[in-house]
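Next, two complexes with subunit A in common: one pairs it with subunit B, the other with subunit C.
Up next is the complex of A and B:
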């Protein structure tokens, strides 16, 4: 029998049958129910029909979400780690030509005492700040139910997160090198996947899935649009921003290249671990100055990957 | 080379056996001129020469695509409305195929390959086949397209062999190209040939089983009570058995005719399912107005039944069983048979309604919604009263009808006194009640009855009944052509006259016809007793009996003739008269002269002893007449 309380050390996180060192995880799952009420018998005290509650009826499949937060290290970011997550990392890396990720579910997942399948990545983001650990977040959609397993333990990682990574950000506004102007104070990188599901009748009602507790699971969870977005905090704004989201220093808006932010992650020994790129249009920028502090600005660039 | 019927490009070309195919690939098969759609991933080694021989992996005429939840089925009853005064009306089906079904299948988020296959399938089933296909049935259906809704696609409560064998047509479909490799397709399948004559089996909804005393039934189960051919719907919350919905009564009654409904706490024929919240009732009473001068208007009621209800009801979030019961109920009232429904208060009095159109949406697993339009019918009768709305006619007593005189003749050939001659004598019960034949006999004359070997034998048969035509001939050395002790199958047809008779064939122990020198066994025993071997042309007159004697003995075990049934008895001239029987003495000019004419007519009597349904008895006599030649 499981202990009544589950300590963090005992709540192993394993995705796609691979252990992951996370600093927090939250798992939720909920059926989609509607209330059915009907007209009942005549009641003279109200001179009309009573209403009767009949049942809660399901209207869609069980759907859940897993959010994990973890420190990025050269160990974690290795392509040998959580495959599907790093498919998305590959999409964000211009050195790879990958434009999409697999539609297959991520199976064999454990969070604490709970085990489940049919998980699909929907977003990945991380933040870079000077002298801070790099914290990444990933969000997954889950279909079907969850089971329970015996408590499992973390294996102590020998990675020292505090000294494991170096990072470097390079900003080009409309292809103009701007590293001096844009001294990056803070950077947020997001990549989001929009998905679409198909719940088929016979797929779920004939054969093995028809008797599973989780009931209906989607026959297909397609990958539709993939967008990346980066927000940087700096000390300056882009001048001559035109309505197309580009910096226009000449009289024509023709042939102005996209603005881009490249984020490089390096290991302690200087090896490049990964490169995240967002090359698109400037979505917004802001500037603020306050007594007692330096001026700061914020610029957001968005790329349509797919 | 195939003809491209479709707007869809990139089809897989001509079928070849030496490549692997993926699910939803579609190819043209040059062997039969049809397109085939892959139902599974097919390995190269699994491929066979012709996809038409591999129905597990390939489909040509079966729509096998699995639709999404949210698909719906629309029903529309085509009835003719006859209106009378005071708001009275009736609906009558325009024909036997009046209940129409249209399946609205939703395919969401499908890959390009699957969407292409769906669209190509419906587009290539719009017109004529590329090549005519031989049809065992009516010629005019040859080449006309259509397809079946396969079991991989049909869903509850339409997932039955009956629905899978129906012909569907797609007259309307749409396609949304949502995203790269993501498509929504909407296909509407229609069926036009479901007959109300199949109401005791199944129309569209899965068939209900016949009531069985040994079975347990619970809420929303449906049974067919076979005695009165009515469907009953279980309303018991607990499983029950041995609680019949009705019993047969001896006398006709105004409620239910010959059937009295019982266990009404278990079974119902009223519409007892409760509608979901959200009912809105709009009323437009039937009024008349009189417009007078000075723009003065008077409004008054147009007789009675002027404010009948029209309800748009919803039955949402129902289980598989409840949805099936509701749909079955509506389907089996055809939009023209009124049923009783208790509208929620304050309209709660029992009223009759008709439902001509309804829609079923398959929301999710075990979750269905049904929308139906109920029109009030201006009577308030329960189902058993509609069963007996026409008063039972008074039945006439049984009546035995037979010709008063039966002549043994053959227009083309003389009957010789030396030969036997068989004739089939038919009779009919033209009354409304059954009668029983107590005995049949030849009272006088040179006649005998086939298979009547004692006074107790009543060798009569009825034309419309099923009999066993397979039997074994006796061991008899006079039987020619090795027919002694032989199993034979006799054919039902009988033909009259000397050359007419009964045909039969020798069979083996498995019932298969024997074949000799490449010719199937076939014999004719003429009505004069001569047996012809039709395979060899040989003739034998050795056998003195009729071969259908054993058949009659085996099957003449019921002597009751129901109303309208036609019975028969085989009578034959026994061939025992001699020339002496032809001699006549004529007194001419005072002299006695003995003459022997070339032909002479002989007479006999055939007697039937009848017992009528009221117990009274009657002797019916008919004269037998035969003109014999010497």
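Up next is the complex of A and C:
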């Protein structure tokens, strides 16, 4: 007999019918409701009609969100091969010419005891810190409702996890190689997808969809924009930063190349996993010095992919 | 095969240490267990830099090479890395370390004993067999013994009564800074391994001030414990000097330790039925990097 509370070991997480090695997940779903009020009967005491609450009314699709934190691994047949699961990784990889991702929903998703479809990736990020395991995070929007499934688990061993000890980054400010003394203490890579939902009036009104538990789902969830952003904590800031977000060492702003950060992820056993790039303009940088630690700088570069 | 104590040599920064009583070397790896939803435990992976510890206990039977000072009179070990090794089996085997930093230097002495020196070293570099195996050995040191008549202690603001024991201790906090490894697209394209995985800190900074604690226990005679309210309000500073001289030549200082601008932070009086009344004084000082106080 199942226990009332799901054990961590029995809370399998699958996306697109593929098992994923997740260390934390949170699933939420909420209707978008507004209060319906109408004018009631005539009330002589106020010489007018009082407003009356009738009901809550949905104003949009039933929408949820899934946040997962997972370990990246190098094994190509591993559940967590980012190359297979996340198209965003292809977009971020300079070896690919891909500039957008599919608008198709991700179906066949299970988080613990709950099953759902119509999921869309909205962000993916990971961070590198010295000697730390690389943990990635992904966020999805979910439309429609959720169902329930039995507790389940899977088995996995001998995984080569992506680790900062073997991975590295390369920073080029306005395409200039950074100096020998320039060191990166932490690196955060983010790629975000801005999406727009479209609903068809007739599609929503007619047919069985209007009486299903989950109600209607969007007719299209389009990809409006994709942006990538890298923030590094480093030993130095960029000098001679101009208003265009470039390092300007000459008397012209013309033809200054973008700044870039390349991140190369390797497994702890030295296997190549994936390469990420963000090439764009410096959005901001800062310098801080605090008692008890060394001074550190922060640089953020942003790229508009689409 | 086992190795007797007379077959071992302890070398720090190329100096064969004299009077070594014991040496402890160790390292540890921190691991993070990986637990996955729907699976459970999968593996454990390293999640912290390798750090080792090396601890040497000695009797003070000669000048301590670790007490070398720079032109400003500051101990070189405050800022410098040190290497060391324990060699054995006719110096063919060894257990050594690189990139060590002194984290604590402690001298204790009581009447009737040769002073003890305890040195704790934190290792940020490599540690293990065959590390630092070919040190350049400095010239042999001269063995010199102090006795209780050749140990002198001066405190600038009063005349010291008969001292029965003292301790001098410096604690040094090191801030190691680690960074991500560097590489380029060639490394990736050619499926190479990075040449310089940053397993060691890119920078090691001493965190100032360095705290020095000096404790002196003396037989109560002329000295009287001061009033705490006076101490709290005025907090005067003194200089404490400990000179450990050769028993055969009291003018030949083997090692000396100075606490400048130390503050008396505690006094205690101890009296038992089978002993003399003792007074213990504890002093503390703070040594700075640039800003002399």
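Everything below uses one rule, namely that the second predicted complex is superposed on the first by the 261 of 306 C-alpha atoms of A that agree within 3 Å, B and C clash if a C-alpha of one lies under 4 Å from a C-alpha of the other, contacts with A are read in each partner's own complex, and residues count from 1 in each chain.
Just so it is clear, a residue touches a chain if its C-beta (ideal position, glycine included) is under 8 Å from a C-beta of that chain, and two chains touch if they have at least 3 such contacts.
On a predicted model such as this, the values are computed, not experimentally measured, just so you know.
When the two complexes are overlaid on subunit A, subunit B and subunit C sit side by side with no clash.
Of the two partner chains, subunit C is the only one touched by A:294; subunit B is not.
Of the two partners subunit B and subunit C, it is C that touches the larger number of subunit A residues. Contacts of A:57 after superposition: subunit B is touched, whereas subunit C is not reached.
Once the two complexes are laid over each other on the shared chain, residue contacts for A:133 go to subunit C alone; subunit B is not touched. By the touch criterion defined above, A:148 reaches neither subunit B nor subunit C. Of all Cα pairs linking subunit B with subunit C in the superposition, the shortest spans 32 Å. Contacts of subunit A with subunit B, set against its contacts with subunit C after fitting on chain A, share not one residue.
Those residues of subunit C that touch subunit A in the shared complex are 32, 34-40, 42-43, 45-49, 175, 177-185, 187-188, 191, 193-194, 197-199, 202-203, 205, 207. Those residues of subunit B whose C-beta lies close enough to touch subunit A in the complex are 66-69, 71, 107-111, 152-153, 155-156, 178-182, 274-277, 279, 316-317, 344-346, 348, 362-367. By the touch criterion given at the top, residues 8-13, 19, 21-25, 71, 112, 128-133, 152-157, 159, 161, 163-170, 183-187, 235, 262, 264, 268, 270, 272, 275, 292-294 of subunit A touch subunit C in their complex. For subunit A in complex with subunit B, the residues that touch the partner chain are 34, 36-43, 47-49, 51-52, 54-55, 57-60, 196-205, 215-216, 219-220, 222, 224-225, 306.
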